[in-house]
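Chains: A, B and C, in written order; residue numbering restarts at 1 for each.
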Amino acid sequence: MPKDGGIGASSKRREDVRFLTGAGNYTDDINIRGQAHVFFLRSDVAHGTITSINTSAAEAMPGVVKVFTGTDFEAVGGMPCGWQVTDKHGQPMQEPRHPILAHGKVRHVGEPVAAVVAETLEQARDAAEAIELDIAELPAVVDMKAAVAGDAPKVHDDLTSNLCYDWGFVEENKTATDEAFANAAHVTTLELVNNRLVANPMEPRVAVGDYARGTGDSTLYTTSQNPHVIRLLMGAFVLGIPEHKLRVVAPDVGGGFGTKIFHYQEEAFCTFAAKACNRPVKWTSSRSEAFMSDAHGRDHVTKIELALDGNNNFAAIRTETFANMGAYLSTFAPSVPTWLHGTLMAGNYRTPLIYVNVKAVFTNTVPVDAYRGAGRPEATFQLERVIDKAARELGVDPIALRRQNFITEFPYATPVAVEYDTGNYVATMDKLEEMGDLSGFAERRAASEAKGKWRGLGVNCYIEACGIAPSNLVGQLGARAGLYESATVRVNATGGLVVMTGSHSHGQGHETSFAQVVADMIGIDENMVEIVHGDTANAPMGMGTYGSRSLAVGGSAMVRATEKIIAKAKKIASHLLEASESDIELKDGAFSVAGTDKSVAWGDVTLAAYVPHNYPLEEIEPGLEETAFYDPSNFTYPSGAYACEVEVDPDTGKVTIERFTAVDDFGNVVNPMIVTGQVHGGLAQGIGQALLENCAYDENGQLLSASYMDYAMPRADDLPMFSVDHSCQTPCTHNPLGVKGCGEAGAIGSPPSVVNAVVDALQSGGKDVTHIDMPLSPARVWAAMQ
Amino acid sequence: MAQVSMTVNGKAASGDVEGRTLLSTFLRENLELTGTHVGCDTSQCGACVVHVNGEAVKSCTMLAAEAEGADVTTIEAMANADGSLSTIQQAFQDHHGLQCGFCTPGMVMSASALLKDNPTPSEAEIREYLEGNICRCTGYHNIVKAIMAASGQDVSSIAAE
Amino acid sequence: MYNFDVETPGTVADAVAALGRDEAQALGGGQTLIPTLKQRLASPSVLVSLTGVAEMKGVCVGDDGQLCIGGATTHATVASEARAHYAGLAELASHIGDPAVRNRGTIGGSLANNDPSACYPAAALGSGATIVTNARSIAADDYFEGMFSTALDEGEIITEVRFPIPQAANYQKFLQPASRFALVGVFVAKYAEGVRVAVTGASNDGVFRWTEAETALASNFSADAVSGLALSGDDMISDLHGTGDYRAHLVGVMTKRAVAAAA
C-alpha cells in the first residue's frame, strides 16, 4: 500500500460520512419555500394524433396552480441534439423536432402531453386525471427492421422515412473489405441482439426550477452528470436564457450511468414553469415514470462477419447494425452507434480491414442514448462473441486465437480511425490466466458435473476509448460541443485549497481522489484540499462526467491549474528565500533552495500571497488562484481480459456465476479502492445485461418491463464475489497523470465472457447451441436447450 | 387530514397527514428527515428501509397512519451519540460499501436489522437478506464484505483493495 | 394514490363494522395493496387496517392438532413461530418477498389477494387448510377461485388459517428474476390420507392442485413417481419471463425437487 493520502493510496472516501448518516443533499431533498409540484400527464399509447385536449376541469381542481399543454411551448425551442452524424452519402442525419410537451402527435408511451402544477404532487396527479385528452391511435413501429420497410408508418410525418442515418465506416474500406471476405479461408457469421436496457440509477430524476423576479435569475436544481451542459443546452437552445442569468446545480446525485447526461423536457419545463407561475416548481420522478422517460440504452441488432486467413489470422471484419434511436434524438444518441461504436471494432486485434454499417432507426419507443459504455459494449460484445464462435468452428483454443491476433506494438493505428497509444494485451491475458486459475477449470468442471451441473468457461478481451476527447476531432465527427474540461484552484491564505472542477461526481468519489492528486503534487495532507463541483455558479465551465473522462480530462485540467499555482508559489518562495526561482524546489509541502537548508513552508507562501507585505508586487499579483482548461490530444484506451465461469442447471436453464475474474489496464491509478469499486459496479451491470435485464416492448409499443416487477435488476444473490486486478499498467502517454479511465470497463468487458461461458457450458452438456441472445434468462437458456 | 403521532429517533413527532400519506413521505416532508430515500414504487429497492418497533420495514409501503404510536428509527439516528460512525457505518466506509450513497441508508438499516438477528452471518446469508435492497453502483461485493466485517468476521481473504 | 380515510380497529368486530362503510377495503400488511394503490388501480374511500387487531395475530396449535395462524400474522412471525410445528410452512414463509416485506406482509392479506404468483396460496391449498373468516370456515379447495379471486364476500375478513400438519412437506420456488415472486412454486405435503401437490405461479387460473402427481405420489412418495408426468403448457401463464411450456416443465422439476426434499 502506498503512502497515506496522495496518488496511489486507497484513501477512504470523505463523502461517505454524509451518505452514511442520512446527511446527503440529493435534489429531492431540496425544498424551496413556496414551491409547487408538477405531475406530467403522459401518453399511454405509443403513436397517435392528439385530437383534443381540454384542461378546464383540471384547472378547477383543488390546489391547481396552472395547467400546461404543448401550445404553451410554441415560442420556445425543442429539445436539442448535441451530435450530428453525416451518413455514408455525405448527407446530414434526419433530425426531428422534439417538443417539451407533445404537440399534434404522441410518439412513445410516456411522452409528456400535459403538465399540472399544484400545491402538492398528489393534487397535481388528481387534477391530471381530470384532463380530457383524446388521442386517435395510429399504428406503431417497434421493430427496427420493420420500421425501415417501405410501408411502415412514419414516426415523424415530416421526415422522409424512419431512417435517421445510414452510416458507413470507413466507407473507403468497403470494397477492399468485401474482397478480403471473398478471399478468406474461413468466415464466421453471427447475428445477435444487444438488448435494450434501462440505466436505473437508484435515485430517480428530479428537477426543481426557481425564478427570482427581482433579478430575473433562473436556477435549476437537477439530477445531472453535467450541469454546465444542461445550462448551455437549455439556456441557449430551448428557453433562450443567457448563461449569466441561469444557474444549474447538480448536488449529490444518486448514480448516473449515462442516463443523467442528457437534457430532458422535465428540466426545461420546471425552469420555464417557475417563471410562468412565479414560484418554484418541483418534479420528482417515480420509478414507474423513470422507465418511460429516462433515455434507454443499447438496443442494437447486428450481423457481424469475421474473415480469417488460412493461418487463423484475422483478415477482415464486416458488420451491419440496426440501432434504435427511439422516437426522438436524445442529446448524444446519434454518436453512440457510430463514433463510440464503429471506432472500437478493431478491439485488441490486428485486423487490417474493417467496415461498419449502422442504420439508425426511429421507432415508437422511448429515446435511446448512452448507457455505461455507450457503443463500446456493443462493439466488444459482437467482436468477442464472433471470435469465440470462430474458435469453436475452427477447433482452436479461444484464448490462443486471441493471443495470435493481439496487437503487440504501440502506438497502433487501427483501420477504424483511432490510434491506441499504449497497451499490453499479452500481459493482461497472462494475468487473467493466472488469477482466474484457468488451468484449474477442468477440475472445477468435473466437480460441477458431479453435482449435476454443466460448467462453462468464457473469456474475452476488450478495448475502450475513454476520456472523450480532442475538441477539434469530435467537432469534425459531428459533436456540437467542445469536450475539454476546466478547473479552478483557489488557495486560501492559510494554505488550504479549494478545487472547483467541471467534472461531476455521482458515486465516483472525486471529492476524495481529486484531492489526493492535488495534495500529492504539493506534498500536503489530502484533507487540506476540498473539491467543489456540481454548481455552475462555482466552476467556471465544465463538460461533466461520462465516458470515463473525469480523471483523464477533468483531473488533467486540475493538474494544469495546480501546476500554475505551484509555479506562482515558487516565485513567491524565491522572493521570501531571496534565492533564484530556478533553485526553488517543492517537496512535502515546503519550498527549499536547492543545495541549502533554507526553506519556507507552503502555508507561509500562501499567507504571503494574501498578506503581501514582503512581496514582489511589481512582478506578480497578490493572491493564489488559477484556472486551466484541458483539451486532450487523444482518447485514452483502457483494455483488459475477463474470465467468467458459470454453472447451468440442466433441469431449469438457470445460470449461476461461479467465478468472475477481471484484469484491467487503466494506466496509473490514483485510488485503487475506488477503481476496484468502479469495476465491481460495472461488472454487475454487465452481468445484469447478460443474464437479467431486458427492456421489452410489445408490438403495439407498450412497455412490458415497466417496473422492477418485470425489469430484473441484479440483486446481491445474483452475483458472486469478484476477483479484480489492475496491476498491469501501461500509462496513457498524453495526459499528465497517465490515467485512462475505469468507470465503464466492467460493463463493457463482462457480457461476452458470460455468454461465451454459457455457450461453453451447454456444449459440454451435449447441446449444439452456438448463441443465445441476452439476457440469458432461465427460460431462454432452457428454450435453447430444447 | 388526521393527526398522527409517533416516536422518531427517540423524540416525539406528530403531524397532520392525509390517509394516503406514506410513512416515507411523513419522514421526508413533515419531519424533514431526508436521509430515508425513495427509489421505487413497487416495494422492491429498499432505499426507504427504516425500523418500526425495532423491525426493518419499507417506509414507502406503510401508511403514516399505520405508524401511529410506533417507535421509528431512521438513518439519521444510526451514528454514535458523539456523531462518530457506528460500527456498521464505519465498516461501509472502510470497505467502500457505497458509491452514490442513494441506496446506502436502506442498506445500513437492513444490515443493522440483520446483525441483530444473526450476529455472524455468512456471505450467502447476507446476500439472501439483501434481496430487498437494490444497489446499482457497487455490485454488492463491498457491501457484503462490509457487513461481514461489521460482524467481526475476518474479511482479509476477500479480494479488493 | 387516491386519498382515503384510514381506520385502525382493535377488534374483529370493529373491523367488520368499519368495512361496512361505502367503498371500504381491508388493509393487511399492505405489501401488495399499497403498491397497487400507488398505481391508482384501486380507489377505496376507507382502508381498514387489520394490523392492530390483536386477536388476529399469532401462531398456535389447536386442540385438533392443527396449526392455527391468525390472519394478521406476519410472514416473519410464521417463519419463526411455526417452525417447530410445521417446518415446511415456516420455510415457505421465510422466503416470501424480502425481510422487510416479511415484517409487514400477513398471511390473511396474501390469501385474500390470491396473487397467481404468491406463495401462501400454494401452502394453503397444498395443506388442505381451512380459511376461517369472521363469518364462516372455508376449505382451501373451495376458497381459491382463480387469479385474484376468492370465495370471500365483500367485507369478509380472514381471521385465521388452520393447517393440518403433514408428515412431510416442502415448497420449491423458482424465482421470476425481476419480481422474485414465484415463476413456478410447488408445495408438496404428505398426509396419512394422501399427498397434496399445489402449484402457484404457473396457471392462468391461479393456484391449482396437480392431481395426477398427487395420485402417483400417494403410492410412491419419491421423485421418480412423477418423472413420467407432464402438464400441458396451454393453460399456463406465458409472459416475458417464460412461456407456458417452460412453466409446465418447471412444475415437473419443482415437484420432483419438493418431493426429494420432503421425503
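Throughout what follows, contacts are C-beta pairs under 8 Å (C-beta built on N, C-alpha and C of every residue); 3 or more make two chains touch, one makes a residue touch a chain.
Keep in mind it's a predicted model, so treat the numbers as computed, not measured.
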Given which chains touch which, is the overall layout a line, a ring, a star, complete, or other?
complete
Which of A-B and B-C has more C-beta contact pairs
A-B
Quick check: how many Å separate the C-alpha centres of chain A and chain C?
43
Where chain A and chain B are represented by their mean Cα positions, the distance between them in whole Å
29
Residue ranges of chain B touching at least 2 other chains are 18, 20, 41-42, 44, 131, 133
Mark out which residues of chain C touch at least two other chains, giving numbers and ranges.
1-3, 38-39, 179-180
Among the residues of chain A, which ones contact at least 2 other chains?
122, 286, 288, 708-709, 713, 715
Within the complex, chain C is touched by chain A residues 122, 125-126, 129, 286, 288, 651-652, 654, 692, 694, 696, 704-705, 708-713, 715, 777-779, 782-783
Chain B residues touching chain A in their complex are 18, 20, 28-29, 33-42, 44-45, 47, 74-76, 78-79, 85, 89, 92-94, 96, 98-105, 108, 123-124, 126-128, 130-131, 133-145, 158-161
Interface residues, chain C side, partner chain A - complex:
1-3, 38-40, 174, 177-180, 183, 240-243, 246, 249-250, 253
Which residues of chain C touch chain B in their complex?
1-6, 8, 27, 30-31, 34-35, 37-39, 46-47, 49, 51, 76, 97-101, 103-104, 179-180
With touch defined as at the start, can you tell me which chain B residues reach chain C in the complex?
2, 18-20, 22, 41-44, 46, 49, 52, 55-58, 61-63, 65-66, 68, 110, 113-114, 129, 131-133
